[in-house]
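Heads up, there are several structures right after this.
Look at the two complexes coming up: chain A is in both, with chain B in one and chain C in the other.
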Partner chain A sequence: MSTTQLLFSEKVRRFVKRNGSVVIFLILAIIASIFVKNFFALNNFLTIIKQAAIPIIACLGITLVLMTGGIDLSLGYTLGLCSITVGLLVKGVGLPIWLSIFITLLVGLLVGFINGILVQVVKVPAFIVTLGTGYIIFGIAQIVSSGSDINRLPANFRAIGVTNIFGLNTTVLISLIICVVMYYLLHHSTFGRSLSAFGFNAKAARMSGIKTERLNISVYMICSFLVAIAAILLTIRVNCAQPTMGGGVYTFEVITGAIIGGASLFGGIGTVIGSVFGVLTIKVLENCINLLNVSYYTYQAFQGIVILLAIIFENVKNRRL
Partner chain B sequence: MKGLKISKKNLLIIAIVVALFIILGSLIPGFLSIKNLLNIVRQSSIIAIVACGMTMVIIIKGIDLSVTGVLSFCAMVNGLLLLKGWPIPLAMLAGLAVGTLMGLFNGLMVEKLGIPAFITTLVVGNVGGGLALLLNAGKSIGGFPAPYVFMGNGTILGVPVSNYIMILFVVVTSILMSKTRLGVYIYAMGGNETVVKQQGISTATINFFVYGFSGFCIAMAGILLSGQLDTVHPTQGEPYQLDAIAACVIGGVSMLGGEGKVYFALIGALIIGVQRNALNLLGIHPFYQNIFVGIIIIVIVALNIHQKRRTIEHSKIF
Partner chain C sequence: MKKTILEMNAITKFIFDEHGQPLRGTTVKILEDVHFDVKEAEVHVLVGENGAGKSTLMKIIGGIIPADEGEMLLDGEVITFAGPRESLAHGIGFIHQELNLCLNLDVAQNIFLGRERQKKLFIDKASMYTEAREMLLRLGFDIDPKTMVRDLSTAQQQIVEIVKVLSYDCRIIIMDEPTASLTKSEIDKLFAIIHDLRRNGISIIYISHRFEELKEIGDRITVLRDGRYIGTVDIEDFDYDKIISMMVGRKLGAMFQSSHQVQDEVVLEVKGLRISRNTEPINLYVRSGEVVGLSGLVGAGRTELGKSIFGSRTYYGGEILYMGEEIGGLHPSNLIEKGVIYLSEDRKLEGLVLDMSLKDNITMASLKRMYPKTKIDFKREEVVAQESIDKLNIVANSVEQICNTLSGGNQQKVVVAKWLLTNPKLLILDEPTRGIDVNAKSEIYKIIDQLASQGVAILMISSELPEIIGMSDRIYVMKRGAIAAELTDKREFIQEKILSHTL
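Entry: the complex of A and B
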C-alpha cells in the first residue's frame, strides 16, 4: 500500500519536474476558468492558440540557442527586418510570392549565420554580439523601409496564413508542423543529443568528436530561420509589414516562454513541449489581462515577474553547486 | 611591460579623440562653437554617469542590460512625485532609492542564485520598463519646478550643472576604484573570482555594491535627463543602454573582466556624444547612428578578446 503510494508520489514528482510548464499552464488555466469571466469558452481557447502559434515558432528557435548556453537578443529586431523584407518584396518590388518568401528566409539565415560566426569563431559573448547586431538590424530595417509601414498586402500572399484547412488556421497548422519537426530534431536525432552535450560541456562534446563549431553556428541559423518564418506569418496576420514589429519586447516574451518551459540558462536543457506550453502560459496570462480589462502595460511588468518566478523555481529545482 | 601597454592604449584613445575633433571641426561648420561643445558635454553627462556604474559591473564580468527600463522608471517615479508637490530633494531621493533597490535585486539574483547577469538585468529592465508605462498609463509628463530644470539645463560659471554632477560621479567612482580596498576587491573579482573567495572576501558585498551602485547611477542619469528635457517619457531611457556599454567598451573596459578605468569610460562617453552630435549636424538619421554604435561595440570587443587570447597563448609554456 505504502510502496504504491510512494511510487505514485514519485511519479507525480517526476512528471512535474519534467513538464513543469505543462503543470503551470494547467493550474493557470484552471484558475482562470474559475475566476475570469468568458475565459472558459471554445472561441477563447482558439484565440489563445492562434495568438500563441507564431511566438511558439520563434520560441523553439530561442530554446535551441539557450540550450547552447547562448542567447539571441537580436531576435525581435530580426523579426522586424524579415517582416519589412517580405512586405517590400511582395508589394513594393512585386516579386513572385515564393521568391519573396525564399529571399526572406535567406535573410533570416544570413542574420543567424553572422551571429553564429561572431559567437563561435570570433568568440565574442553571445549577449554582446546579439545586442550589437540587434541594433544594427533594427537600423537596417528602418533604413530599408525609410521608417514607414507597408499596408494591405496582396490577398494571395495573405492566403498562406489565413486560409482554413479542416477548421484550422494555416498559421496554426504551420506552427504545428514546425513543432513536430523540431520535436524530432531535438529529441530523436543526433543533432539534439549533440546539442545537449554541447550545452552541458562544450569541451567534452568537442573531444568526443562532435563538430561543435558547425553545431553552434547552425543553432543560431535555425533560430533566425524560424524567426523569419514567424515574421512572415505575423506580417500576414496583422496585414502590415513593419520595421518596428517585434523589437525588444518580443525578444523578451519569447525568452520568457522558453524559460517557463524549463530551458536552462546554463545550457544543455530544453524541450519542445516545455517551450510550447511556456508560450501558451504567457498567452493565457495575456488573455486574462485582456479579459479583465486591465491596462496592457500591466502585462509587460507582470511578464517580468513571471519569468523571475520561473527562474527561481528552476534554480531551486536543479540547484547547481 | 603591462604598464607600457596600457599607456600606449591610453595614448591611442587620446590621439583618436584629438583627431576626431580636428576632422569634425574642419568638416562641420559650427561644430567647434562654444555653444555646441557645451551642448555635447551636457548631453554626454547622462551617458557618462550611466557608464560609471556600468564600468564597475563590466569589471566584475557582468553586464547591466536594465538601463532602458530602470532609467525611465526612476525618472517617472521622481517626476510624478515632483508634480504631486513633493520637495525636490525628497522626490529625487525616492527615484534614487528605487534605482538602487532594482540594482540590489540584480545583485541578489547574481549572488544568491548564480543567474547570469545579462538575464537578471534584462528581466529587471523589462519590469522597470513595464512599470514606467503603467505608472502614468503610457503618457509623458512635464512642467517641473524651475530649480529642478536648472539642475539639468542651467549653467554655473558657464559650465552646465549636469557636468558638475557628472564630474562628481566620475571622481568619486575613480577614487573608490583606485584608492579603497573595495576597489581592489572589485578588480580582483573580475580577474579571478575563485581566488577572491579563497581569500575569504565576501563576494556578496561586492556583487550587492556593484549592481546597487549601477542602479543608483542609472537612476541619477534618469533624473538628470528629465531635468534636461523637462519631460519624462516612459521609454526615454532607450538610447542609453547601447551608448553606455559603447562608452565603456571604447574606454577600454574589458568584457573579460578585471580591467578598466572610469575616466576612460568618461572619454568613451564623450566620443559617443561627439559622434551623435556630429552625425546629427551632418543630417544623418539616428538609424545610421545605431548601426554605427552597434558595429563599434562588436569590433572593439572582438579585438580585445582576440588580443587577450593571444597573450594567454603566448604565456603558456606547453
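Entry: the complex of A and C
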C-alpha cells in the first residue's frame, strides 16, 4: 500500500469517526435507491430536503441544549405556542407581518429564558423543568387559541416561506443560512468551545473563566428562538396555525435526529453536520415508508430500529476506529 | 533470599483505546520490553519521569489493561487478568494515581462498594459504619464514615482510597503516588502502615516523585525511562544523583533558584476573612515580586482560603483587596481578566476538562484574551499550545491528544500551562507540582522565579515542605482555618520549625 493510499484511508477513518450520521445516511440512501421504487429521483430528493429543512432548525437548537448535558422536553409545545401566536397576530389581530414575527420570536426567547433560569438558578434538573414548562406552554397555547386553528393565512405572510429564490425555496434557504451560522458558532467560535467544556465539566469550565451561568441560560434561549423560527416556517408551510402543532412527538423526533447525529445525552458532544444528517436520515426513512405505502405504525417501529442501529453503530465505530 | 512472587518479562504496550486494545495500525509504544518483579514482603519503588510509563505498567498488573507482548508470572505461573476484579481476586490491590471514589456516596459506602454488608435482604448500614470507623481509627485517621466523599478534601479522599484498598486482603498492594496530596503527618501514618504491612509479609509497589521518601521505606528501586526498563538497585546502593541520571539520562542543576526581588507594592491583601462561621479571621498579604508559602496540615483551610479568594466558595465576612480594590465574590472570569488566577489542587475535577484535547485545555482560560472577536484562530492556537508543550516538556503525541490519555504529571503540566498563558499578575497555586517529576519540578520553580522577577505576586499552597522552604520569601502556617504563624526570617525556614506551628 502506498503512503498516499494510507493517508486516504486514514482520512476516511477520521471522517467516519467524526460524522457517523453521514455514513448512516448514505447507507440508508443507497439501500433505498436499490430497493425502493421512485426513491432515486431528483424530485424525491428535493422533497426530502424540503421536509427536513424545518426540523433541522429545531434540531440544531436541541443539539446545543444536549451539549450542556441538559434537555428541552418543552420543545414541541413551544412550537405549538409560537405557531398559534404568529397566526393570531397576523390574522386575528392583524398586526404588521414584521411585528408579528418579531413578537413570536420574543415569545420563543422568553420560553427559553424561563427554562434556562429554572435550570441554572433554581437548579432543577432540565428533564423535570422542561417536562413541567412543556405542559404549561401547551396549556397557554390552548387558552389563547381557544383550542381552534387559524386557517388561510395572508398571502404576503406566506410568501416568506414559499417563495423561490434562484430556484431554491426560501424555507430551505433560511434553514441553510441557520446551519451556516450555527456551524460557525459551534465549531469556529469561543462560544462552541466554551459550550463543550461546560458540558464535559462545568466546574472546571467555570474556574477557567467561562461564564457558565450565562452560557447555560443563553443556550436554552437560542434553542427556543430557533424553535420559534421553525414554528413560523411550519405554520406557513401547512398554511394553518395550530396550538397542537409539534407536541411530544416532534420533540422526540428532533432529539432523535441529534442523537443519530452523535450528540451525547451526557453533554459535551454535538456537531452541526451530525445533527443535519441525523434529521435527513429520519426523513429518508419517512420518505421510504411513504413510497412503500406502509402504515404509520410500521414507520414508528422502523424509526425505533434505525435509532438503535445508529446508537450501536456509534458504539462500534468508537471502539473499532 | 526472599521469594519472587510476581514477575513481568518483556512487556510491551502500544497506545490504546478506552477498552485497552492497541489503536489500529499504531506503532507508538508506551512500554517496550519492560522487566519488573516483586519479592515477598518488600517495598519495591518505581520511579521515572512523567510519562515514563509507570502507571501504565501498574494498570497491566491491576488487570485494567492487557499487555500486548510479554508475559506476567504470579508464583511462577503465567497469568493474565481479564479485569481489575480478577486481579483483586488474586490478591493484588491497586491504589490509583487518580482518585476513583463515588462522590455522591459517603465514606463507608465507598469503602464497602460492591461488597456491602448484609443482614438478610437488607444492607446492614450500622455494621458498615462501625467497621469503617474502626478501620479508619486503627490506621490512625479521624474521618467520619458518614461524611459524603464530595465534602472531603483531596487528601482525605486519598486516605479513604487507601483505607478502601487496605480493607481487602491483598498480598501485593500497588500505590501510585499515594502521597502526592498528603501532608507530613498523614505521610508518616502511611509509612507506619507500610512498615506494618511489610512485616506481615505483604509486598508493596510504590510510585512517587518525592525522593526524600524512598530511602525511608524502599527496599529496591526500579527506574523506567521513556517506557523502557533502565535498571533496579537495592536501597543500600541508593544514590540521589545516580537515580536521577538513570531517570533523565543526565544530571540536574540546582533545584531552587532565586533571582527575584520583593517589591513594596502590596498586590493581595486579605483582611479579616473567615473561611467558615466559627473560625478565626485571616489576615495576610502578598507583595509584588514575592513568593509567599502557605503551609499547614490537611484540613487546615488552605484550599478553602484559595477558593474563597477566587470566587469559588462562600466565605464569612472580611475583605479581599487586589491592588487596593475589593474583589470578593467576583466571578472567576472577571478575576482572570484582572490577572488573578487560582490553580486548583484537584486537576481531575476542577483543573482540566479531561475529555478535551491538550490544546483546548491550554487555551481555555485565555479564550477571551486571545479571541476578543470570538472567532477561533486554529493555527495560532496550535502554535501557542506547541510553545507551552515545549516550555514545560509535556510528553504528548500531539496537541490534539485528549487529556484523559496523558500521564498524571503531564496533565498537571497542562494545568500549569493553561494558567501561565493568561498572563497573570497574582498567582494562587494550590499544590502546583502535584505528581510532577523532579526534572519538570525544577522547570516550574524556574518559571515561578521568573514570574516573580517580573513583579508577579505568588501565593503558593504546598504540602511539600522542601518546596515551601526552597521557594518562599515568607511563609504563613495555617491551623484550624486560621493563620497560626508568619515566618519572615529565612533562618526560621526549617521543617521542624514549620511543623511545630501546624500541630
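Going forward, the second predicted complex is superposed on the first by the 300 of 321 C-alpha atoms of A that agree within 3 Å, B and C clash if a C-alpha of one lies under 4 Å from a C-alpha of the other, contacts with A are read in each partner's own complex, and residues count from 1 in each chain.
Keep in mind that, in the parts below, a residue touches a chain if its C-beta (ideal position, glycine included) is under 8 Å from a C-beta of that chain, and two chains touch if they have at least 3 such contacts.
The structure displayed is predicted, hence computed values, not measured ones.
S.K.: Based on the shared chain A superposition, would you classify chain B and chain C as clashing or fitting together?
M.R.: Because the two structures are overlaid on the shared chain, the partners are seen to clash.
S.K.: Of the two partners chain B and chain C, which one touches more residues belonging to chain A?
M.R.: The partner that reaches more residues of chain A in the superposed model: B.
S.K.: According to the stated criteria, A:139 is in contact with first (chain B), second (chain C), both, or neither; which is it?
M.R.: first
S.K.: Would you sort A:152 into first (chain B), second (chain C), both or neither based on which partner it touches?
M.R.: Once the two structures are laid over each other on A, A:152 reaches no partner at all.
S.K.: Return first, second, both or neither, reflecting whether A:37 touches chain B, chain C, both chains, or no partner chain.
M.R.: neither
S.K.: Looking at the overlay, what does A:123 touch: chain B (first), chain C (second), both, or neither?
M.R.: So A:123 only meets chain B here.
S.K.: What stretch of chain C clashes with chain B when the complexes are fitted on chain A: 40-48, 112-120 or 382-390?
M.R.: Only 112-120 shows clashing C-alpha atoms.
S.K.: Report, in rising order, the residues of chain A that make contact with chain B in one complex and with chain C in the other.
M.R.: In chain A, positions 320 sit in both the chain B and chain C interfaces.
S.K.: Which of the residues in chain A come into contact with chain C in the complex?
M.R.: It is residues 188-191, 193-194, 196-197, 200-201, 203-211, 268, 318-321 of chain A that touch chain C.
S.K.: Taking the touch rule as given, give the residues of chain B at its contact with chain A in the complex, in rising order.
M.R.: 63, 65, 68, 109, 113-116, 118-120, 122-124, 126-127, 129-131, 133-134, 137-138, 242, 245, 255, 285, 287-291, 293-295, 297-298, 301-302, 305-306, 309
S.K.: Within the complex, which stretch of chain A touches chain B?
M.R.: 71, 73, 118, 122-125, 127-129, 131-136, 138-140, 142-143, 147, 248-249, 252, 255, 265-266, 295, 297-305, 307-308, 311-312, 315, 320
S.K.: What part of chain C is in contact with chain A in the complex they form?
M.R.: Chain C reaches chain A through residues 17-19, 21, 24, 310, 312, 331-333, 335-337, 342, 344, 349-356, 360, 364-365, 367-368, 371, 374-376, 418, 422.
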